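Below is one structure, written out as structure tokens; the observations come after it.
We just call them A, B, C and D in the order they show up, numbering each chain from 1.
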Amino acid sequence: MRKRFTLAPTPFDTATLRAELLDARVGAYASFEGWVRDHNEGRSVRGLRYEAYARLAEAEGERIMEEALARFDILDARCVHRVGDLARGELAVWVGVTAAHRKAAFAACRWIIDEVKARVPIWKHERYADGEAGWLHPGP
Amino acid sequence: MRKRFTLAPTPFDTATLRAELLDARVGAYASFEGWVRDHNEGRSVRGLRYEAYARLAEAEGERIMEEALARFDILDARCVHRVGDLARGELAVWVGVTAAHRKAAFAACRWIIDEVKARVPIWKHERYADGEAGWLHPGP
Amino acid sequence: MGVRVTVLYFASLRDAAGQDAETFVTEAPDLRALYLELRARHGFPLPVERVRVAVDGEFAHWLDAPREGAEIAFLPPVSGG
Amino acid sequence: MGVRVTVLYFASLRDAAGQDAETFVTEAPDLRALYLELRARHGFPLPVERVRVAVDGEFAHWLDAPREGAEIAFLPPVSGG
């Protein structure tokens, strides 16, 4: 079975991923990309590291994609999340969704990235220009 | 001044357009693409033609992009709309939006395509497999 | 005393008119009257309520008077995207 | 009579534990008690209320008992995306 959620230890190409999603039934394609910014909450970011509990991250990611296909009137969806060290300006996560119509494509794309951020066991470690570094563990 | 809304008489490359939008401040990139489907409202579509009143379409498209920049907390946005003859499976319209955070990127992307569809003087002529053809003039 | 205008036709209006554009002298007091006149002449499928009007590349009002040398466009409901 | 388990540490918990994983015999009656015990030993920064627990690659319940040979993962609040 083709996996819809993948962890990528190296930079990946969104054009290829997008091309794999397109077919004659597709009227709407919505995508989201998360990039490593130069700043986060007012601090200058030098780079970051994503660590995952890969076994559970892949299972939970796949569940999110299956739930999206059940909840929304979409044709298909994919998500790839980087792990390992990333520099500023690198792509961290990509979501692509195809549907007959745009409303469902947008809604599912937004839902998937929100669920991935909330549920998939991946942790971000940021290194700042001032030399400090730390894990981000968002509060409740 | 760099134009944010463009009419394209020939197929265009979204990877290049996306690359032009990305810089170190970007944390979120949301995009939308509209494709020529093989079916529309139950009829088999052979191809279509987009016609525009180019002079006003470009002015109104540019106004939409400027309004999006004022309404949403985004960094930049672009939209390209094809005109002329398109076959099934061809890209009709692309919207790309960059922001620090995903909420504004999604909201602006959705808003731009909705406004473009509602306001920009472009008309779609569909040719069906059964030989019929006609202009789409959506009712109120 | 009429004014010389160029009228542009798009989509179903162009199909009905059998041409992209025509230039003529009109004595219509406003753009609405001009559209109604042309609708009668060309058999446009769309009532004025479903059409918008633009002059010289900007949206205009139906009660504006035609100006000498104006480019007037009648715009059917749009269907881009 | 304890059970032998492997515990995985991630992110700030790994930094505190100074290791990715450790295997040992525990007599903790449930996963919650096991976490509290390890928290005391390693000085984990996170209270149990902010942590989730997984067993053998699936989310588990704090009141589940540790099973012989289980891979137990304590998961700090996630921050992917």
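Definition applied: contacts are C-beta pairs under 8 Å (C-beta built on N, C-alpha and C of every residue); 3 or more make two chains touch, one makes a residue touch a chain.
Only a predicted model underlies this, so the values are computations on that prediction, with no experimental measurement involved.
Trainee: Express in whole angstrom the distance between the two chain centres, defined as the mean CA positions of chain A and chain D.
Mentor: Using C-alpha averages as centres, the distance is 26 Å.
Trainee: Counting in whole Å, what is the centre-to-centre distance of chain A and chain C, each centre being its mean C-alpha position?
Mentor: It comes to 50 Å between the two C-alpha centres.
Trainee: Centre to centre, by mean C-alpha position, how many angstrom separate chain C and chain D?
Mentor: Spacing between the chain centres: roughly 74 Å.
Trainee: Between chain A and chain B, what's the gap in Å when you average each chain's C-alpha atoms?
Mentor: The computed centroid separation for chain A versus chain B comes out at 24 Å.
Trainee: At which residue positions does chain B touch at least two other chains?
Mentor: Correct list: 34, 113.
Trainee: What kind of graph do the touching chains make: line, ring, star, complete, other?
Mentor: line
Trainee: All pairs of touching chains?
Mentor: A-B, A-D, B-C
Trainee: Any idea which chain B residues touch chain C in the complex?
Mentor: It comes out as residues 34, 50-53, 55-57, 59-60, 81, 92-93, 113, 116-125, 134-140.
Trainee: Within their complex, state which residues of chain D touch chain A.
Mentor: The contact residues of chain D facing chain A are 8, 10-12, 15, 46, 50, 54, 57-59, 73, 75-81.
Trainee: Going by the contact rule set out above, which residues of chain B touch chain A in the complex?
Mentor: So the residues of chain B touching chain A come out as 14-15, 18, 22-39, 88-89, 100, 102, 105-106, 109-110, 113.
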